[in-house]
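Handing you this structure, nothing more for now.
As written, the chain order gives the labels A, B, C and D, with residue 1 at the start of each chain.
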Amino acid sequence: MASFKTLIRVTWVDTDAAQVVHFSNFFRFFEKTEEEFYQNLGFNFDQIVRKHGIWLPRVEAHCQYKKPAKFNDVLEVELTVGEILEKAVKYLFKVRNKATAEIIAEGYLTVVSASKQSGKAVKIPEEIVNKLKPFLST
Amino acid sequence: MASFKTLIRVTWVDTDAAQVVHFSNFFRFFEKTEEEFYQNLGFNFDQIVRKHGIWLPRVEAHCQYKKPAKFNDVLEVELTVGEILEKAVKYLFKVRNKATAEIIAEGYLTVVSASKQSGKAVKIPEEIVNKLKPFLST
Amino acid sequence: MASFKTLIRVTWVDTDAAQVVHFSNFFRFFEKTEEEFYQNLGFNFDQIVRKHGIWLPRVEAHCQYKKPAKFNDVLEVELTVGEILEKAVKYLFKVRNKATAEIIAEGYLTVVSASKQSGKAVKIPEEIVNKLKPFLST
Amino acid sequence: MASFKTLIRVTWVDTDAAQVVHFSNFFRFFEKTEEEFYQNLGFNFDQIVRKHGIWLPRVEAHCQYKKPAKFNDVLEVELTVGEILEKAVKYLFKVRNKATAEIIAEGYLTVVSASKQSGKAVKIPEEIVNKLKPFLST
């Protein structure tokens, strides 16, 4: 199984008055990782819309927080594919502190393939499914 | 069972290029509702820190997205207490479109009571538990 | 001269690790005030787009920070109209701590009236200009 | 005169319902660039606090918007030092679309050196001034 990893340095605005990354920002880190994953596979949200006429709205999001992350920490976010359904994909994320290798957070995003015109769920394009398969966790 | 409700009007910066509220912002709406709930019960995060020496870090967050919310929609967020453990509380949230009464999103936040000094989980102050009990869903 | 005022309670995610509102969030407070001002005048961004075919993109933003704002502070944001040009409006903002009346921040946003179709600057609809005039500072 | 440049790819959450980067996010891009600039010079906000007992609060922020930036655009942010006063520094920023070289936005941030203990403005540490001087625009 392959996985995709990216690094994110915690910026000042990511933190809150408890001097740690605000919990909602981990979902933004997940999505940023998903974007870079697509970029790495050779496409992006906009191209999917233009080529296939689909959006990828999120239908479920989950995160467990294990350790705080602080300003300037370098986080390594690892993406794997948890499940590929006909019209949905579940991405799994693990966030580690790059310096200590400690797990900071773990979670998932479930995205559906939805027609931009009708808003209805539609089959994920074959071309995309094929690119995701190597990242399917077992 | 009591519940706490608050209204949030979707602001421009809450939206993304799909012209709907970005999924991560629902977690901010949840937390804002929790803050107003505390405010309504007569305390706030800062007072808890000062009086009891505890933070309320989030250890788990979850959301399911049912319908999109758009700019200027008025959302009604309803909070109930799903579970009160010795050192943790689980808050449940339902987000409805105020105009249509449709469910937009549902989710939860689990927060722990943590000593500001040691970082360790500690018992939730009795005084707070007593205020939360009427909102416990059955 | 009339002015429009709204109250904003500082939420946890607005703060940063210095335990004060992140400077970028004052621009979000300005815009939220502008939205509520329009709401109060009986229209909103979306209706302007639909009725007149125009967006109101920002071409300039400025803020001076006088005092920090903290979690749970209630801020009073006051909007006046600094200047109405043929194709642009300059909104002036003053942010005060509601409890102490101290000035926290002052700034402005200059927005242009732009055709949604061509992207070009166009005349601000007469109907909107008339509603803004009473708020023009002298 | 030297300048410091960094690249920022526009992420989904940076955009708003007009399908362009929300104007407030340029201030976050400015600050992120400032952070990477410090990183590049061999220090960061936290180390300045610990070593010199000072914060660097922002006292003024300004931006002019020239062209919209869209999802997935790669932006090149260029930082130079506009002015070094005894207790304040003004950073100038130019944001270009990396692909087209068009100017997207231009602005500045003025930061003061403030004692963490007293909150009062204090002299910028000599060591920092020396590192900033080569980036002073003429």
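Criterion: a residue touches a chain if its C-beta (ideal position, glycine included) is under 8 Å from a C-beta of that chain, and two chains touch if they have at least 3 such contacts.
Small disclaimer: the values here were computed from a predicted structure and weren't measured.
*Asks:* Any chance you could name the chains that touch chain A and chain C both?
*Replies:* B, D
*Asks:* Could you see whether B-C or B-D has the larger number of C-beta contact pairs?
*Replies:* B-C
*Asks:* Using mean CA coordinates as chain centres, what's the gap between chain A and chain B in Å?
*Replies:* Using C-alpha averages as centres, the distance is 23 Å.
*Asks:* Using CA atom averages as chain centres, what separation in Å is found between chain B and chain C?
*Replies:* Roughly 28 Å, centre to centre.
*Asks:* Between chain B and chain D, what distance separates the C-alpha centroids? Give it in angstrom.
*Replies:* Roughly 34 Å separates the two chain centres.
*Asks:* Where does chain B touch two or more other chains at once, residue-wise?
*Replies:* In chain B, 12-13, 20, 24, 28, 31, 70-71 touch at least two other chains.
*Asks:* Touching residues of chain B toward chain C in the complex: what are they?
*Replies:* 9, 11-13, 28, 31-32, 35, 39, 44-46, 70-72
*Asks:* Sort out for me which residues of chain A touch chain B in the complex.
*Replies:* Answer in residue numbers: 18, 20, 23-25, 27-28, 31, 55, 57-65, 68.
*Asks:* In their complex, what parts of chain B are in touch with chain D?
*Replies:* Those in contact with chain D are residues 12-13, 15-17, 19-20, 22, 24, 70-71.
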